Amino acid sequence: MTSFESDYIAGAHPLVLKRLVETNLESLSGYGADIYCENAKEKIKSAVGKPDVQVEFLAGGTQTNAVVISAMLSDYEGVVAADTGHISVHEAGAIEYTGHEVLLVKEENGKIIPQELEKYLTDFYADDNHEHMTFPGMVYISHPTEYGTLYTKSELESISGICHQYEIPLFMDGARLGYGLMSKESDLSLKDIADLTDVFYIGGTKVGALCGEAVVFTKNNKPKHFLTSVKKRGALLAKGRLLGVQFDALFTDDLYYKIGRFAIDMAERMKKIFVDHGLKFYIDSPTNQQFVILDNERMKKMQERVAFSYWEKYDETHTVVRFATSWSTTEEDLKILDDVLRSTD
Amino acid sequence: MTSFESDYIAGAHPLVLKRLVETNLESLSGYGADIYCENAKEKIKSAVGKPDVQVEFLAGGTQTNAVVISAMLSDYEGVVAADTGHISVHEAGAIEYTGHEVLLVKEENGKIIPQELEKYLTDFYADDNHEHMTFPGMVYISHPTEYGTLYTKSELESISGICHQYEIPLFMDGARLGYGLMSKESDLSLKDIADLTDVFYIGGTKVGALCGEAVVFTKNNKPKHFLTSVKKRGALLAKGRLLGVQFDALFTDDLYYKIGRFAIDMAERMKKIFVDHGLKFYIDSPTNQQFVILDNERMKKMQERVAFSYWEKYDETHTVVRFATSWSTTEEDLKILDDVLRSTD
Amino acid sequence: MTSFESDYIAGAHPLVLKRLVETNLESLSGYGADIYCENAKEKIKSAVGKPDVQVEFLAGGTQTNAVVISAMLSDYEGVVAADTGHISVHEAGAIEYTGHEVLLVKEENGKIIPQELEKYLTDFYADDNHEHMTFPGMVYISHPTEYGTLYTKSELESISGICHQYEIPLFMDGARLGYGLMSKESDLSLKDIADLTDVFYIGGTKVGALCGEAVVFTKNNKPKHFLTSVKKRGALLAKGRLLGVQFDALFTDDLYYKIGRFAIDMAERMKKIFVDHGLKFYIDSPTNQQFVILDNERMKKMQERVAFSYWEKYDETHTVVRFATSWSTTEEDLKILDDVLRSTD
Amino acid sequence: MTSFESDYIAGAHPLVLKRLVETNLESLSGYGADIYCENAKEKIKSAVGKPDVQVEFLAGGTQTNAVVISAMLSDYEGVVAADTGHISVHEAGAIEYTGHEVLLVKEENGKIIPQELEKYLTDFYADDNHEHMTFPGMVYISHPTEYGTLYTKSELESISGICHQYEIPLFMDGARLGYGLMSKESDLSLKDIADLTDVFYIGGTKVGALCGEAVVFTKNNKPKHFLTSVKKRGALLAKGRLLGVQFDALFTDDLYYKIGRFAIDMAERMKKIFVDHGLKFYIDSPTNQQFVILDNERMKKMQERVAFSYWEKYDETHTVVRFATSWSTTEEDLKILDDVLRSTD
C-alpha cells in the first residue's frame, strides 16, 4: 500500500545500499576502527566546515539522545527541553533511565521560546532552594522539531547566547536534520549549527540510512573515554562499518542534501494537493512532515488505500494525522494520494 | 591484509545482504511491526521446534545482555556469571549500569562448574545475613564461551536443574551460537537449548548478519511491555526490518547452520595448520575461535602479514592470541596463514 | 531568633526524646529487628484500624518517596504527580535517579484535579504510540500538599477510584500527615486514608521526631524482600531502634495527634495575627504552613527579628514567604511575631 | 540478654545523647546549615590536623559508600575493592545500583595486597581491549577491615602510592575507624590517614552515635554541588543537627578516641577469656571484633545465655562466630561470657 506513514518506511537510499554491497567483503576492524568510519568523519568535518569537530556514530535517535545527554551531564544536573520534545514524551523515559531529570519549558509550535528558557534559568538561580532541585545542565532542542517546524538563525542565536551565559551546553537533536537544512524556509547552514550548538547530530535513520546517527561535538568537548560510555550503554556496534559506510555514502557527492531536498520538494507538492482539496493544516510545517486535520469518516475511508500516522485527537469528529515524505516517495504515491482525496471529497 | 581478527571482520553473508537489497524499496511499518520480523520469528520458532516460544530482535550482544537481564531481574536480584563471562569482564559495566550486580562463580575453561553454582546458591541461603546481599536472580552462561568451549548436554542439564530447583531463570548468551550448534563436539540441539534454558539468544552479528541478535523466551516469560523496556534503553531500531530481513534470510534454507558449519570446517583446517607447525593451544576449543601461544618475536613478524587478536600475556616471552574463522574465511586465507607460519618457523 | 522557618527547626518532641533516653542502654538487634520497631508497628496498625497493613520505617521524606516509588514501579512505568509535587520539584531528581520518570498533571492549589488525572490516563491509552511512552504506573499525592492544602474525602475517593479503574496504586506522601489529620477542615481519618490509598506514609521528621517516616502498605502489597531493596538504596539504618523508639512514642497516648493539633491551633492563632495586620495570603491553607505576601521592604525589616522561609517572587515589590508552626512554637513566638508586624505596619 | 552481637546494639554514648537533649529546643536551620554541624566540622578538622579538609555528614555506612563512590567516579569508571570488602558483599548491590561496577582484587585477611592492586592496574592498561572494560577509577579499602584487621602505615603508603601513580583516588571506609585508631597495633594517626587517602570517613554509627558518618575530603576534592547529589540520593536529613550535634560531642574532649580505646580494652580482655578457655581464633584481629571458632553444640548452648553473630560455616561441626565490644560493653558482660564459657567447657 502507498505509505506516507513516516520517513523510515523504506530501507536505505540505493546509493547507500550500493556502498554496503561494494564494501561487504572487505576485512575491517570492529567497533568503529575502520577506514569507512574514518572517511565518513572526515567528510562530515568538511561538510560542517570545521576541521576540529569530533564525530562519533551511534545507531538510533533515542539511543543517541540518552548516550549524549547522560555522558555530558554532571551528577546533579538535568536537561532542559520543550514539553513537546521527543525526550520529554516519546522515548519511554530513556533519559530518566540514565538517572537524569528532563526539565520542561513551555514551547510554541514545538520550539523552545528563548524568553521562556531565560526565565526558567533566571528563576532557578533566584530560588533560595535551588540546591534541592535538579540543576539545568544542558538545553535540548530538536531541529526540525517533532512538529516539523524550524528554528530561525536568530532564534538559535538567542538560545545559544542564553546557554553560553549560563555555561551549559546546547544539544540539537537532528534526527531529521537533512530536511531542516534543505527546507526553503531555513536560514541555517550546517556550519551555523556547529557554531551555535555544543553538540548536535546528523540523523541518518530518517534521512536515507538503514540506521545511524552522526554525533558532532563542536567544541572539542567529546566526553573522555566516550567509547567506553557507549559500550556501557550497550550502544557499541561490533560491525561499526555499518555506520561508517553509510555516512561515507551520505556525505559523498552531497547525497545527504539531495535526499533532504528531494523529500522537501515532494512535501511541497503534497502540501499543494492538501490545499487543493481544502484540507486544513494543524501546524504550518516547512519540512517533510505535514500535519493535517481529517474528518474521522474520511480518515477511515482513506486508510483503506494509503497509510499515514495517527497524531492526536482534534475534536469529537476530527483527527490530526501526519503524512511524511522521504527519498522513497514517488510521483505515483502523490498521484494516488490525490486520487484518494478526490474520491473522498 | 588477511585477517583472522574476529568473526565480525566482514559485512553480511551474501545471501543476507541479497535479501536486504531485494526488500529495500518495500514500504514497511517501523519498530519491528513488519512482515519480515514476523516471518523471521516464525522461522525461528520452527527451527527451535517449539511453536510457543517468543522471539524478539535486538541489535548487538552487550545490548541484548543488558536489556534481557535488567528486564527480567527483580529489584533485589543480580545475575550469576562465570568470572570470565562476557558480562563480567568485557562489557564496560553494562549490567551494573542497569543497577544490578554481577555475582561471580568460579569457572573452568570459561564454563560455570555446576557444583560451584550449587555451592554458591546453597551458601547464599545458608547465610544469616543474606538479606543484606544481592539475591541470585538469574544464571548467565555463554555458549560457546568466551574461550570457544562448549557445555555438554549433561552439564547444561545440571545447571538447568539447579536453576529450576532455586526457581531462577537460566539465560544463555548465544552470540556465537551457530558455531556451538555446528561444532563436531556438540551434543546440544536448538530444541535442547530451548528446553533447558528460560531465555537465550541466537547471535546474528557474529554469524553472518550486519547486526542483530534474536532473543528467544522459552517459557512464555517475555517481560510485560518488553517493547517499552527496549525503547527505554535506547535499543529499539526505527527500521526494525533491518533485523527482521536478516534473520529471515539466516533461517531460510538452513543458512544459519551452513554458516556455522563452514566456519567450523575452516577452524578445523586452521587447527591442523597450527598443529603441523608445532604451535601450542592455550585451550582446547571445538569452535571457530582458536587460542594459540606465540613466541613474542614470531608474533611480531606474523602481524606484518596476517591480522589476529591479542588475548593475554602468557609469560615474559609468549602471548596468547586468538584466530577466528567465519563465513568469510577463504582457502586463500588459510594458505597465507600456512605460508606465514612456515616463514616464521 | 524566633523562627517560623519550618516545622523541623527543633529537635524531637520532649516525650519522644525521653523514650530515646530511657531505652538508650538496652541491647537490641540491628536493622529494625527490635522490640520497639515491633511495638511501633503494632501501635500504628491500631491507629490505622486495620490489623493487616504492613509497616516499615525509613529515615526521611525524599528517601521514602524514592524507595517506595522505585520498589513498586515496573520497569516500563513512571509515577504521575502534580507539577507542584515535592517529587516533581524539590527532590533534586531523586525519582529519576532510580530510573523512573515523573509524569506531570495539572494541579490546583497543589492538588491533583481528578478530571485532569482521568484525562491523562484516558489520553495515554488512546494514543497509538503509547508503547513508546512511559506507562503511568502509580499516582503520587501529598497530603497536606506542598501548599498546605488538603484533599477532601470526596476528592480522595475520586482519585482512588480512578487509580482502581486503571489498576495502578495510589501513594500518599504524608510527610506532614499529622497536620492534615488534625486540621479543622479535614474530613479524612487515618483509616479512610488506609482504605483509599495503596501505600502512604506517616511523617515523623516534620511532626515531632528527629527523623523517620512510617510507610504503611495497605493492601498486603509490600514489595518482596523490601529490606534488601532498602539496603540497596543505602536507606537501612543499623540502629533501626532510632526509628522504632520514636514512632513507639509518637503513637503512645495519641502523641502524634496531639502534636498535630497543637501546631494547627498555633497556626490558627498565627493566621489571625496576619489578618489583624491586614496581610494577604497567597493561598488559603488549613494546616500548619501559612503563605503570606509581604512587601519586600517590610520583609527585610522583619527578617532582622524573626525567621521564615522565602517561597517565591510575587511581583517586583512583593514576595511570597512561608511561616510554619510545630510542637515547638510558643506563645512567646506568636507575641514576637505580632510585635514585629506591628512595628513594621 | 548479654550481647556481643555487634557494636551497634546500644543507643548513643551517654555524652552524645546528653548533647542531643541539651540542644533539643534550639531553633536551627535544616539540612546541615546549623551551628553544630559547623562546630563539628571545625573540631574534626582540628582532630585531623589539616584545616583545609572538607567535612560532610551522612547517616549510615552503606549510604556513605554509595554516595561518595558514585559522586566521585566518572561515568566509565568503577571502584576497586577487596573481594571481601563490605561494598563487594554486604551492601545488597548498593554501588551497582548507582550504575558502577565493583572491581575485585584478591585480599589477605580482609586487606588489599598492594602487589595485587598494582598487578590489577598494570594488567588493565596493558590489555588491548581495556576500552571495553570498566576503568578502575577509585580504590576502596575498609580500615579496620570486615575481619577486624588493620593496614599498617607502610601498607597504606604502598596503596596510596599506587593510587597516586595511576591518578585515582583512595577511599577509606572508616565505619569502625575509632577502633582502628586506638588499637594497640595501629601505627596510623588520623593525620596519616588524611595524608594518605583522598577521602575517608569517620564512622559514628558503630562508634557511639545513634547514626552518622563524617566524610572527610582531604584534597579539596569535594564533588561540586555535593549537597544536591546527596539530596538526589535521598540521603539528606532535614534535621541535619542530628548529625552535627553528635559529631560535635564525639569530637569534644577526645570522646571519639576514648570510646575506641575503651572498646579495645574490653576486646583485649575478651580475647584473654577466649584464650583461657582454649578457643581458637579464625583470624588474628587487633580491634573490637573477634572471630572465634565454636563447636556447633557448644555454640547452641552458649546462644541461650549470650548473643553473638553467625559469621560463616567453618566445617561440618564448627562455626565461625563474631563477638564485638563497644562503649556499652560492661564488666558484667565479660563476667557472664566467662561463666558461659566455663559452663560449656
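Letters A, B, C and D mark the chains as written, and numbering starts fresh at 1 in each.
Just so it is clear, a residue touches a chain if its C-beta (ideal position, glycine included) is under 8 Å from a C-beta of that chain, and two chains touch if they have at least 3 such contacts.
Bear in mind the structure is a predicted one, so any value in this text is a computation, not a measurement.
**Student:** If you tally contacting C-beta pairs, which comes out ahead, A-B or A-C? Let me know.
**Tutor:** A-B
**Student:** Measuring between mean CA coordinates, which chain is farthest from chain A?
**Tutor:** Here the answer is chain D, farthest from chain A.
**Student:** Go ahead and note the Å separation of the Cα centroids belonging to chain A and chain B.
**Tutor:** Roughly 33 Å separates the two chain centres.
**Student:** Distance between chain A and chain D based on Cα centroids, please, to the nearest Å.
**Tutor:** 50
**Student:** Starting from the mean Cα coordinates of chain A and chain C, work out the distance between those two points in Å.
**Tutor:** 41
**Student:** Hey, what residues on chain D touch two or more of the other chains?
**Tutor:** Where chain D meets two or more other chains at a single residue, that happens at 76, 91-93, 97, 99, 131-134, 228-229, 231-232.
**Student:** Would you pull the chain C residues touching chain D in the complex into a rising list?
**Tutor:** It comes out as residues 1-3, 5-6, 8-12, 14, 17, 20-21, 23-30, 59-67, 91-94, 97, 205-206, 210-211, 228-229, 231-239, 241-242, 307, 328.
**Student:** For chain A, which residues count as touching chain D in their complex?
**Tutor:** Against chain D, chain A makes touches at 31, 70-71, 74-76, 99, 131-135, 223-225, 227-229, 231-232.
**Student:** Over in the complex, which chain A residues touch chain C? Could you list them?
**Tutor:** Touching chain C: residues 76, 78, 89-93, 95-102, 104, 123, 126-129, 131-134, 309-310, 312-313 of chain A.
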